[in-house]
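Some structures to go through are shown next.
Shared between the two complexes below is chain A, which pairs with chain B and chain C, respectively.
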Partner chain A sequence: MMPTSLPTHPLARYLLHLADDQLVMGHRNSEWTGLGPILEEDIAFSSIAQDQVGHSLAFYEILHQRYGLDNPDQTAFNRPENQMLSSWLVEQPIGDYAFSLVRHWCYDQAVALRYESLSQIQDPALHALATKLRGEVKYHTFHAHTWMKSLLHGSEESRLRMLSALKEVWPLALGLFESWPGETDLMEEVGTTGQGWYPGEQKLQMQWQARALESMASWGVDVEASGLQRMEPVLGGRQGYHSEYLAPLLEEMTAVFRLDPQAEW
Partner chain B sequence: MVNLEPTTPDTAQGLQGNIPQGLNPVLQRYWEVLDQVPDPEIPAISVVDLGIVTRMTVDEDGGVRVVLTPTFAGCPALRWMEKTVQEALLEAGAPSVDVQTTFENPWTSERISEVGREKIRNFGLAPPPRRRPGCAGPDLEALAQAACPRCGSQNTSMKSPFGPTLCRSLHYCFDCLEAFEQFKPL
Partner chain C sequence: MPILSLDPRVNRLQAEEVPAHQPPVLIPGDHWPSYQVFHQRRRGEKHSSVGIVHAPSLEIAMAMAKEQFARRGETSNLWVVCTADVLEMDYADEEVFRTTPSKSYRDPAGYKVNDKIEAYKARQSNL
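The block that comes next holds the complex of A and B.
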């Protein structure tokens, strides 16, 4: 069944991508709570998860107030799988620590880019929010960068494990930039009003990839030999089609909510 | 000699708080009331000195409207603070209190008052480094060079940008040989 009650306004749909990605990523990252390889990393992933769920809440709140979506709790926890617009990258299980770190690095680089772009919007509330959240994400990218650098420069084993995780994550990360219904409308809208803050997914992907490959080259990765540039994206999330991993995640994440959907928390 | 005893904050030394100037007596009193409401994660500092109270107005019928803004968007203490602010004002005699949380005037660590910074230091945390002129957003290079809140040494190293709460990072002082935390710049 195709999604039926998704927002038709292009900006609203774009914000819903952002919110859903942050919500699902936050839940996945929270799975490291109590399991991190060292205490500091346990805390780091838990804090990042907390930030991400907070960011999703801020966007759900705007979607509720402005675009008539249900309240944030209902929107977050009471939608069927085919109305979730999150990417395949975020719904994948946490895997080993290399997978989670590389995903964290790829994902938060993309989030930083999106907030950077959204902070140029003229709308005062969204401008203020994106500027604020951008500052918080700086800590995520800083954390991810530190570990990517150390582990790619580390032992033979750490380097091989990071490279293998990169190859696994990369096609999924490209899927963050899947084109979506309403994308050209949003580009036209922001183009004609002279704001130009949204360049479209293709351009965002090019910017993201250029930054990512530059960092990797600086960490001694042979980008050409890695084959990353020839990989195809994993698509579907932005249209409401998901991997086998989202449904069980939603089940778990909404289990308490579903006991009493109208409960006051 | 390393001084491990916290000293009392010297707020009488002309340090600036965050209560706005030139308020009418009613608003002045309400701001003073909120200046006694502690931050739940660092109770030494009030929600006013922390800079999360961005606006307060009183309607014709005496109803109070307060606007709060979170330090970090995922701050779990927010609902608690909304409730505590509302209760404090009701107790102070406000006939009705409406508390809203928005990002319109987003929080940055520059919103912490001088009094607040001193109280954070006395609580045992390094206050956030001041933002360098022209630097937009948090200055992560400055984050790594926190001064130890115990001995003032600059000979420190950051262990992790994430600490026990969203607004704290973990550091180590090579002179005290002790770990400490910093209130993160944002």
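The block that comes next holds the complex of A and C.
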């Protein structure tokens, strides 16, 4: 595969994180299509997956037009693993439904925060895009919330399965907020021009965690006893280091593309 | 023998083939109540009944209604109502409506005011 070089512009690199996370998450969620536990959930996960792949396309488009990255198809399907900036959370296999739901909840809460922050940007195109995509993510978080609440309040079995999935997902979810090369540059850039829309990963993580823990407490989870707050993040994705699961995913995701990389779709 | 499929996702499940003669197992609580879904296209318009979903709770019914009935076209709002909360007439009482179609004096087309409206319209168009 032809290595495309990673964008050096901090905002471009940040948008590439967002796009890669959405692409890989969308691909994983689409794996539930036809296999969901009930028909409506099958459809829900498939629609959410479509949204996510759509969001990645929107960002790849901007990266292509403004920052000289290859066209969206090439950027999405023709990059080696070490140039993918997605987090470890999104590349993990779907696991059981508890794992997929808890991941969906953790992930989309984080996306909601990032879109809220991005919609404060002064750049008109990015502002409009973030505002548009925010609506879809509002449904994603509603869907995730509803099931989290329902299953944490459900039977003893459903509660235990959700709690154990939470412990599995949490360190991976913290990895969504890994610091990245260019982060301080972006913070300074938006800080000095008075836009201030990007608060940095640490602040985003604090906001995300506060919201998540608050919701969990409202669903009767003993947050203190759960040990979540003492967990360490799983890092690497934002630097291009990945778990064993990304390479086979890329292999599967790009199988059709590689049959004819120059094909017009 | 696990099921072999062209779909890699199905192979990863390592699911066993279920013998065809095995009857389905019904578990109590597996059958969720139904909820009626009402869809509103634009603000100010009425909500119309569009169908039902089965769900374990009102909130989940709403999530499912969004998937089933608001996937395409315009939507501004949805209602979901537990079917059990709807008071339904008994079809045995349908006879109370039997004579209604013949009460033409309740039909607005039979109102005398129509003549006046027509006359008014005619006057307006002659102005």
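Throughout what follows, the second predicted complex is superposed on the first by the 261 of 265 C-alpha atoms of A that agree within 3 Å, B and C clash if a C-alpha of one lies under 4 Å from a C-alpha of the other, contacts with A are read in each partner's own complex, and residues count from 1 in each chain.
By definition in this document, contacts are C-beta pairs under 8 Å (C-beta built on N, C-alpha and C of every residue); 3 or more make two chains touch, one makes a residue touch a chain.
This is a predicted model, so every value here is computed, not measured.
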item	value
Contacts of A:W147 with chain B and chain C, given as first, second, both or neither	second
Which of chain B and chain C A:H55 touches, first, second, both or neither	first
A:E252 touches, of chain B and chain C: first, second, both or neither?	second
Touching partner for A:E136 - first (chain B), second (chain C), both, neither	first
First (chain B), second (chain C), both or neither touched by A:A125	first
Partner chain in contact with A:I43 - chain B first, chain C second, else both or neither	both
Partner chain(s) touched by A:E31 [first = chain B, second = chain C, both, neither]	second
Where chain A meets both chain C and chain B, residue numbers	40, 43-44, 47, 139, 142-143
Chain C residues touching chain A - in the complex, by the definition given at the top	7-10, 12-13, 53, 55-57, 59-60, 62-64, 66-68, 71
Partner chain A, residues of chain B touching it in the complex	70, 72-76, 102-108, 137-138, 140, 159-164, 166, 170, 184, 186
Contact footprint of chain C on chain A as seen in their complex	31, 34-35, 40, 43-44, 47, 93, 139, 142-143, 146-147, 149-150, 252
Touch list for chain A against partner chain B, complex	40, 43-44, 46-48, 50-55, 57-58, 124-125, 128-129, 131-136, 138-139, 142-143
